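Two complexes follow with chain A in common, the first pairing it with chain B and the second with chain C.
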Partner chain A sequence: MYGGDEVSAIVIDLGSHTCKAGYAGEDAPKAVFPSVVGSIDQMDVDDSDNLEKDSGPVLDSKNIVRPFDSEKSKGKRKLYVGSQALGYRRDHMEVLSPIRDGVVADWDIVESIWDHAFRDCLLIDPKEHPMLLAEPSSNSQQQREKTAELMFDKYQVPALFLAKNAVLTSFASGRATSLVVDSGGGSTTIAPVHDGYVLQKAVQSSPIGGEFLTDCLMKSLESKGFTVKPRYSFKRKEIRPGEFQTVDLDLPNTTESYKLYSQRVIASDIKECVCRAPDTPYDESAYSNIPMTSYELPDGQTIEIGADRFKIPDVLFNPSLVQTIPGMESFEETAASVRGLPQMVIESINKCDVDIRRELFSSILLSGGTASMQQLKERLEKDLLEESPQAARVKVLASGNATERRFSVWIGGSILASLGSFQQMWFSKSEYEEHGASYIQRKCP
Partner chain B sequence: MDAKDILGLPKTPLPLPQEKKSRPQKDSQRKPDGISREVYALTGGLAPLMPSIDVAQQKRRAQVENEKITWQWLSFTNSARKDNLQLYHWVRVVNGVPPIGDYSFAKYNKSVDILKYTDEEYEKYLIDPMWTKNETDQLFDLCERFDLRFVVIADRFQSSRTVEELKDRYYSVSRNILIARASSPGDVSGHPIVKEPYNVSQEIERKRALSMVLSQTKHQERKDAEVLAEAKRISESRIAARSAEESELPDTSNAGAEGTERAIVPADTASPSSSLQFASGNVAHPTSMAENASVTASLRMLRVYMRTYALEQMVQAASSSAGLRTIKRVEQTLQDLGVNLKPKVPTKAVCAEHLELRKEILTLLNLQKQLQYKEAEGSSYREGSYAETPSTPKHLQRGVDQDRAFPDPLSFGGERVGKRDQKRKAPGRLSEAPSSPAQSNKRPRKLKASDG
Partner chain C sequence: MEAVVVDAGSRLLKAGFAIPDQAPSMIIPTQMKRMPEDGSLADISLSEDVTVDPVERGFIRDWVAMEDLLHHVLYTGLGWEIGNEGQILFTDPLSTPKAVREQLVQLLFETFNISGFYASEQAVLSLYAVGRISGCTVDIGHGKIDIAPVIEGAVQHIASRRFEIGGIELTKLLAQEFVKSNPVVKLSTSDVETIKEQYSCCAEDDVAYEKTQQSCQEEKHTLPDGQVITIGRERYTVGEALFQPSILGLEAHGIVEQLVRSISSVSSENHRQLLENTVLCGGTASMTGFEDRFQKEASLCSSAIRPSLVKPPEYMPENLTTYAAWVGGAILAKVVFPQNQHMTKADYDETGPSIVHRKCF
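Presenting the complex of A and B:
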């Protein structure tokens, strides 16, 4: 491999929806699991809950490695990390996310996630491997310092580097200058990258991400009368061969957040299977006669989805559509101030220096889980062609492979950490001890 | 061959499978050394056109394998790093001796040479009202960190300054330091920054123009395109009309009136846009009649059609049959009527009518002259006898119709744009109505009455 030199670095990308971790130099992360944890407050409950063997069917494991519950007793809380652990319903288990509004709020949870990644999924000792972490494109100095402290003090890593998501995506497609449209679980961020550096003054972000769309879909289904039953809440008995009867289970100690989490898992599966980005802006009357697609829920119920197939993805392009979905009124204020995807792209480019605008227009990259929605690339290209200047040639690029789009940040990190000329850029432990955590601002631009 | 050996079959060739035998013979002959037969058979048993495996290389590989090669996970230091971080990687160890030398990628650690100034130098040469020392220091620090990537530097700079301002400050500081540090001006005059200093205003102008180009949306482009198409259509229709008129007037020599005729279209065109085509094509036609041959020749080359000149030519052509005095009288008549000798606004309609008018006046004057002759004759004949009347009917005819209103020619002229000369002349004669020989009208009538 030209320019490559493996030092067995580890690449971790902690996103708002999933956490991806793996060895640098590989083409896909080994450990992919949800970046939420189940937490049981020790005060309320005994540990004997673990012995309860309920019949909740096992979720599709996104975790490719062997199943193992990671239990971390953190003072009063017990945290359960990993899709296997989360798939198992426990009484009084709350589902918590460490990231709120794009910034890390709870560092304990982050620690537990990293522990799970290192010890359970990758089976490594962090002392031996340099770490490359992917951070959001607009991360504050304080967050970076805290990350550095945690890594060096607790895990004793030999070297660390914090790279911005947009830069890694750009490298994954082989470009030093591009405009990265990253629409992941929690938010959509548009960041221009020039010569390998993010232009921070031109970064645009909107809270509409995959999870928001999932919520929209759920509310829409509820308003139509379909209830999405979480997997743990029913049992299917085979009465006659081929015929199943659903029995509802009553589990009073299940928390609301866990119920919501389980429902969201199902709804996001519906969204991934069924939803498509419409070719033209969504129009209520135009789509009223669209043929319905049927989807079978885990409890055997079959639902028909028609106009929602196109309405939900169009929220990305036209956030004011949210108001037409019953049950989403709480988001109305936020949705009003948010612009659609094409407008954000144009705004972001216009905030950049004039000289690079042409280049940015001709290399717009799509990444993130939501970006692998069908027809999204074509729709975005079409909308941008309308609003962009004549002189600029608009080109939206996305790797054909859906897996690559989801993991493009991780893949970029894998490429970067295995380059020979990158080895001089690590922020090492000795530098940390000498200059302190604030030195990271200099070392990781 | 050796298969037969194994099977113990006789080596003498049997008559039947002769083809098969010849092939195995060729195979065994051509098997090269260095590769096993099975591998060679993978190629189909025939030699490739170009030798794909170099025998000499194979020998070398065997030699190298005499040494002991292992791969070990060893630590290394990187001279591009300032600390002593030791990372590990796989190293090809030959005979137990790890490779020496620096990390092979350290040579790629290049950076830009940024001049550093001291405080005294700053005080002496580099003070600028727009920039504080703090900012300048910060700028230079960022320049070093980001290797003069000004777009990124402008992004990370604390206060918001444009890329041009930063570049300007950086280059002027560098230039001043260079000149100040140089022992003599001649030393540094070769340096690029001294020879061509950074031109801020030009950069700002260039960027402004570029941003204007880039801010034209598709909408505007479409509108512009529509307008241009419309204008082209209009000018093409004018050319068509013009060329039709042209073919009637054989005297016109510079009939190169296609293509750039649109150049003369003055402000009365319908197209509203300020498109550049019109502006560039507009050759300011000189209103002075002092056109010499060179000008006309060059104009003919440009195929520009100038109406006043064409008009003059036509006038000359028309009046060539008459003498100088007649022309003078025509012009006198025109002035009496209050018409300019040269039309002020030479549009097609106006020019046509002017020509019309001139011709009619000419005809009028001719007729008047003839009338006078005839009158003189008539008066002389009257003394003679009344019998000579055969000439008068012509007079009568002419005379009667001379009463018609004068402004008719103008309206006629406007209508008769595409008609033939002869047709025009005939009705023109009829519609002539001179003011002077009013009295002479009566006499032919009287004559008629008396004849009737």
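Presenting the complex of A and C:
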């Protein structure tokens, strides 16, 4: 039992795209940074002969690396976390993500992300603050135990709680029962919450998220001939007063993953500024004469975007549209099995008990970065009204403020951790030492 | 009695009564020297024997020293009487941990028995000093650089950046350069500081900087102890370090680039407002040629809207850049204390230090 006193809890939401961290009780996270890290393998720096292959064990004619050596070489990589560190281009720096297919694959990276959040952004000592972590709605027991071990053993936190994303979003809107549509960077998850518990059998998930849409947009722009130049690859010179010239810089040691990462940053900004969900399903002929919107790229080039404004968001509703975008053919097989957003909502609700279906239909919550797209709420409501049973009253709720939608999981955590009645529910260090990490299943349902 | 505004920086502590269009009445060094006799600390910053820095990188670290410093400032410097303490407004740098704020509040209410307290972030105050509520503050201090976009009085924490480099790194750089060019001369840190303040400047752009590295006019400077030192291209190196941090050995972009990136993380409808109201403040920003170089680099930055600096109003005193946060604090104090929006002794007694987070944003 941990009796919370004046010391505030820290709420961390490690998403697939951004990590949000801050104090409980506040209305927005203080630290928001990408949840990918730059990594330079030290073996690369020392061994100047092997230039091509970067991370992982290096095998070539000169030196055969044995398995235990590869562990050592992996341990010798230097990680750069945070938007400042990632924003600076370094030779041989690869961009790595800790999360693969929705589960955490690399715990070292997760550790470095947490370190950055605590020591560089929030400037706190984890020993003094209880931690509330947000976890995906379908997290395995093994992942939770590993999280608990890491937090208690390495960071020595006094208390911990793991809450599911969907439950936190529900709290943020003040409801105990709702259907949460969480459309974030890496994936879209639909989870019904009933009385504060996620109904696991009805959780639906699809790999189409913000990053997928950004990739679609990039491929579409490339096919039209516009190249998105990353910020580091050019420099502006003043040749005559008032006249500027953009000069391309040749930086051969930049890795592909870093280039892709920088391009994605720009493309996602284009997507956020310009894209809107169409009111009706996308139709090639109907949108061919639409007026173009212009957007200025960082290097000064102006691009015109017309039909793509509506085509890209419609991929959420109709994944088979992906086939019409040149360059995205590799996703055809996965796209065929993935269903659109309204279909997933209906499927999820149908897997729940008949009694609560009405309540779920009337409280559908939108959360996540992609959900803050303009007109998404209206389109989803319209599509659901068509597909749902006649008697159901469909209501899609989303907070008006785009920041609140983006951080609704974090805000829910902030609310939960500052409730008086929550203070007795913490999983404390003494309980961990007594019962072990598996006790977390009982304490954090 | 007027409220007191205190801006405790890493190098200079600015304090005075809240009279907005004047300079603070006390601008004293924060550095203190430990006197061995009775074990207490006095406020003289001279030799390097046992100097104590209560404020490091903008945050208060040494609370015992801070207590003595504040004692000197409030009772000796500003003329408060024990038993009749007034109200204080303190300025905080960006990302101040909650614990530091609470400890400050505890110190002031328990040891000094003040009657009212308010704290505000330096970024917002610097904007108030130039008459704006929205804009972007670039605060280049002794211990840190803060870049903070502010919209309608609220700092956008997500987009703001803090760097742990400042005037102190530039001093070290200058000392290193002098060791290379004048190996015979022995310099103390405070000598280097004086030389830095007097001579350092920024080149017009990076092409001009390259030229100075090859050949530069040299000047002779006489130190207080009689030694003569030649100052040549080091003066430009110091100024250039802010625009090309690789000179300091850091892997980071220059100041203007960081400003542009920071603003691009804010939603685009506010970009114009932020970029057109950029305020430079802090001691290091008053270097000769810094503003012009900043403008030049800003016009090179690849964006339709270019950062443009705000001119301080005419009724403000000269050298506003060095203590803009203090002046902003004075303006705010005139609004907050009469309207009873501050934290009172009664609040503190009832709830404890944590109420500061609710009363002061």
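Criterion: the second predicted complex is superposed on the first by the 405 of 445 C-alpha atoms of A that agree within 3 Å, B and C clash if a C-alpha of one lies under 4 Å from a C-alpha of the other, contacts with A are read in each partner's own complex, and residues count from 1 in each chain.
One rule holds in what follows: contacts are C-beta pairs under 8 Å (C-beta built on N, C-alpha and C of every residue); 3 or more make two chains touch, one makes a residue touch a chain.
Keep in mind that what you see is a predicted model, and the values were worked out from it rather than measured.
Shared-chain residue A:Glu296: touches chain C; no touch with chain B. Between chain B and chain C, B touches the greater number of residues of chain A. Of the two partner chains placed by superposition, A:Ser140 touches none, neither chain B nor chain C. Applying the stated contact rule after C-alpha superposition, one finds that A:Ala28 touches chain C and leaves chain B untouched. Once the two complexes are laid over each other on the shared chain, residue contacts for A:Lys201 go to chain B alone; chain C is not touched.
When the two structures are aligned on the shared chain, A:Ala159 is found in touch with chain B, with no touch to chain C. Of the two partner chains, neither chain B nor chain C is touched by A:Gln245.
When both complexes are overlaid on chain A, the residue A:Gln390 reaches chain B alone and has no touch with chain C. In the overlay built on the shared chain, the residue A:Ser8 is in contact with chain B and with chain C.
Annotation: chain A residues 6, 8 touch chain B in one complex and chain C in the other. Only residues 78, 80-81, 83-85, 87-90, 103-106, 108-109, 145-146, 149, 151-152, 154-156, 160, 163, 207, 210-211, 213-218, 221 of chain B touch chain A when the two sit together in their complex. Per the touch definition, chain A reaches chain B in the complex via residues 3, 5-8, 130, 158-159, 194-195, 197, 199-202, 352-358, 385-392, 420-421, 423-424, 426, 428-431, 434, 442, 445.
Considering their complex, residues 59, 95-99, 157-158, 161, 251-253, 258, 261, 264-265, 267-268, 299-304, 352-354, 357 of chain C touch chain A. Touching chain C in their complex are the following residues of chain A: 6, 8, 23, 25, 28-32, 83-85, 87-88, 90, 121-124, 128, 234, 236-238, 244, 246, 269, 273, 296, 298-300, 402.
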